[in-house]
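Take a look at the structures below.
Across the two complexes that follow, chain A remains constant while its partner is chain B and subsequently chain C.
Moving on to the complex of A and B:
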């Protein structure tokens, strides 16, 4: 895989260009434009023309695109229409929050799903398996915002164990504030992972090489960690990588409920406000993030299953 | 006899205790934690365009004249007095001696002239129309400002009390980074210095804004104490209504606004919370297209006044107020809210529910076989869709089929601003304590075709033009009465309801107010120990 890494990285470049073009065009296909969104009911034709000229959105679309690409090559994503500050600054302020949220949510999902999937698989169709599957089914089918509100109401407002939303000030306070939103975000992913891992583990447990390992007299826990876990993780890992995109999408809802100033909420506001530079910048950053996650997933998969390298 | 004495003594005692509480000394210092549903975008009095900017700006900046506590009267601000010449074309104002900006530098006539000229520059922002009658601003000496008008304008004092006329420090603004006014404004607005009760201390976009007491603020309370009482106001951004309420109940914040109507009763019965319903200028209604054909060329029944009247009669405002506002709304008597100066509501609610009359009118108009209408609503606004769904059922009784289409705000604005709609959900809040802003928008054709409806009434247009230069307040009131009567009779909109601003505070918070224009007022707020 490492030998193929430069090739994979090169492949990502056309992907980003394609995403850049699609986003650039799509946002401009929506009715209205930044000036119309800024002016609202005050959007007389003269005011629209004046503001669009001030913002440079009166130029032909290809000129705007070339300017966008030219700036992008200098690491400049333009100026936010609503906040009137550079988009890079807006993203630099909001991205760390969302990254921390997603990483914590993914960690919670793995911490929950891995042991519980094994418990469920090893105790297949017994009471504990049925109960665990039931709980996760509920987790999977409950809307994210509702889980969030329940956690806020009970663990925050009632028991005062956690703050009721917000982001606090400082690193540790920030992490503490992110626990509930990350749990809310992680529960859904944990349910997906646990369901997949449970059935894979059941399959692997019946595989001949597991029988063989057991027959050789290898200790049961070594069979589990060395043979079963490693081989079961391959499909789960692919699923995990694919679902990081969904996780990023769900941050929109979670950030709203928990008053977390992240990039998800920013993107939604920017689309409603037709803040073209912010929409373009955030989408590109998200695309880069998802591509990196896919790449890391591929690397991890080929480490788990060396056959993929051949 | 004895019991009567006791009761009298008890009553007197209670009265005294209540009085003592009402006149208790305010607590000085402390921090008020206030949650808002959205963050400000630009803290510039002239270039802003969002309520989230405007409602905070009045805490950072002062205007020459200030809105009074009722939101309609005017009281001295940076100007201690003002007078108009007999022909109404010259206003002379006296600048407050010793007034200072939050950095300690004096407020000068140069600041006033520059700020007002910037605010009325047609290339700057969207609010310059409020000052369009000004021809010149001059200062014959260090404490006198003379404003000359192109024509008499009775709304100028109110315009000078509106956020966009805020006085900014000319030199500090010029010292900000950038070459154009827009660039300088963008940079200055990140650390704005004004002469309002508070000054911006820090701002983490999308999450928190800290306002600190401005030690140089000129304002005093009725007992002569310097305002504001609070040392600090922390404004946090919490978009979700339910989360804001949970934070208030848990004591994580002291106050919040935009309480959904369905939660008001519950908060009213919470012993730790004061539920405030402040009078507002907010009206909720349906805009309509009154042109003979729609944009796509199909004939439009709403161009017939009898059809508009019939459909207005067929809406049960009472039912909508009950379901959507949980009884907190009141029916509209005019297109203006009852908190607007020169509001006329003497003829009672506009089009009280009367299905028989509606059927009769529709028959007279020749539309008794029914027709189909399309209404546009903003996606995600549950109240708007509920209202339209209810109206759909009410109009079905007339054989009128209502189709509802949902879209995002900017798309909706686009349809409105190009008159490409038949009916759409709308609401309005005044920005100035004068009836002319909404009248210019909704009733006066030459501006934007009476809110893009295409409805034109020559008498209304003439009366409005007269009222814009009318110096006799009684005559102006009479002109507005006539405009409102004609408007209601012609029904160029579907009248729904007025609502108060619903804000809630912890019981410990005293003196927080929201003006009828929406501004959050913190200068006389304090936290009781």
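Moving on to the complex of A and C:
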């Protein structure tokens, strides 16, 4: 992979350009006019024209696009219409929370899915397997916001084990506040991973190289960690990467349910407030994050499977 | 290392293996008796489903529950059937090695060949890290892989078919086993490579003093490389003896049938005489000779019971009551 890494990084450039174009076009296809939204329905045409000129919305679309790209290359995402500070600043303030939330959710998903998938696969069709699959089936088919509300109501409001919202103050308090939202986000992903990994493990356990490993007289846990785990992780990893996108999308819901001040919540606020530069900026950041996750998954995959390198 | 009291290295008696399927329990090995002498190559032949591969897997107890192995597998006088898993692991790979038919699927695609040798050495020897690495290179050299010091880092997909099979042999030989179970090691290879692998096995047998059980459905392979042969039919040994005499004067109607269905390169355009019908599915063999429905020599006496494996001539065993009648039959045209 290291040999192909520069090429893979170059591939990111057209990806980013495309993301920029899509974000730019999408935002202009949305109904409503930012100037009208800012000034209210009683605004005079002169005032609207002034705001439009100020924001550059009266220029030809291709000029707007070139200006947008030019500023983008300087790391300038424009000024937030509602907060009157640079969009980069608004995002920078709230991005770490979402990053922490997503990393924790992904970690919870893996911590839940990996061992349980192995237990289910090794005890295929016995009671524990059937029970686990049932639980995860429910997890898979329940909407994220509903899981969130259940967790809030039970673990938060009733048992008082966890805070019901916000992120507290300080690092540890922040992590503690993020446990419930991260679990909520992670359960769905865990269900997807667990289902896939379980059937992969069952297949790998029947593979001839596992039989060969046993015929070498290697201890069972060695067979599991050295042969079954690694080969099973390859397909699961691809699935994991693909679903990180969904996970990021779900932060929009979860951050609202738990009042977490991340960029998911920011996106919703910005959409309602017609704060176009912020919507643009957040969408861009989310898209870039997804492409970076894809890149990391690619790297990890080719590290796991040497066949991909030749 | 060598077995000293002159007895067989491996002695199998009444080996029975049953597997659990959705349709119930089926018997795939149905009372196999076999002896393997130190340093000999024993061929195990038969059609698909005759129980050859299952016999090998049963010896190493690779049959997973709810599959079951009963009978006796006396390895240097010690019965392997009642051993605990941990005790069995000390035999697998260490004293009895095994190789498979298709190296592409039997080698782990994501581990280098070297790593797959190292784990065998780590499990069975007290060699240090450096010594294990040196031994891995030495093994690749032993099985005839060129530039072993470089190739030890390569992955299975970077080897050709023949080289992959050599790599698998190197992995199986890592801890110097006294017996190698080879499950159709040449079936997936083309004829010239097949010949090289068979010569390699013979060479290893001579230099390492190792015995080999070679499972194959190819009688040519048996003729070329085995000392003795056991012909399996419907999960049981039909005939057993030294390769020359068994092939010259078969004492079991099934052996004769197999020999007649082999094309002979010396005589062009000879019609083959394949055995009519198909082997019985497991557990459909009644109280008759299992081969009776397909046999041209069958008489009413064959229905009296499954014939036991009894001495038929000097050093030969046969489970056919018409062995003498067969001898009068010219099999090769």
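The criterion applied here is as follows: the second predicted complex is superposed on the first by the 301 of 310 C-alpha atoms of A that agree within 3 Å, B and C clash if a C-alpha of one lies under 4 Å from a C-alpha of the other, contacts with A are read in each partner's own complex, and residues count from 1 in each chain.
Note that in this section a residue touches a chain if its C-beta (ideal position, glycine included) is under 8 Å from a C-beta of that chain, and two chains touch if they have at least 3 such contacts.
All of these numbers come straight from a predicted model, not from anything done at the bench.
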{"item": "Fit-or-clash call for chain B and chain C when the two complexes are aligned on chain A", "value": "fit"}
{"item": "Chain B versus chain C as contact partner of A:307, first or second or both or neither", "value": "second"}
{"item": "Cα-centre angle that chain B and chain C span when viewed from chain A, reported as a multiple of 10 degrees", "value": "160"}
{"item": "Chain B versus chain C as contact partner of A:288, first or second or both or neither", "value": "neither"}
{"item": "Chain B versus chain C as contact partner of A:94, first or second or both or neither", "value": "first"}
{"item": "Contacts of A:218 with chain B and chain C, given as first, second, both or neither", "value": "second"}
{"item": "Contacts of A:44 with chain B and chain C, given as first, second, both or neither", "value": "first"}
{"item": "First (chain B), second (chain C), both or neither touched by A:266", "value": "first"}
{"item": "Touched partner set for A:227, first chain B, second chain C, both or neither", "value": "second"}
{"item": "Of chain C and chain B, partner touching more chain A residues", "value": "B"}
{"item": "Chain B and chain C, minimum CA distance [Å, superposed model]", "value": "48"}
{"item": "Contact residues common to both interfaces of chain A (with chain B and with chain C)", "value": "none"}
{"item": "Interfacial residue positions of chain B with respect to chain A in the complex", "value": "35, 41-42, 49, 123, 126, 182, 186, 189-190, 204-207, 236-240, 242-243, 246-247, 249-250, 252, 408-411, 413-417, 441, 448, 451"}
{"item": "Partner chain B, residues of chain A touching it in the complex", "value": "30-32, 36-44, 47, 50, 54, 82-85, 90, 93-94, 145, 149, 152-153, 156-157, 160, 163-167, 256-259, 261, 265-266, 271-274"}
{"item": "Chain C partner contacts - residues on chain A that touch it in the complex", "value": "207-209, 211-220, 222, 226-227, 230-231, 234, 304-307, 310"}
{"item": "List of chain C residues in touch with chain A within their complex", "value": "60, 62, 85, 88-94, 97-98, 100, 102, 105-112, 119-120, 123-124, 155, 157-158, 168, 171-172, 174"}
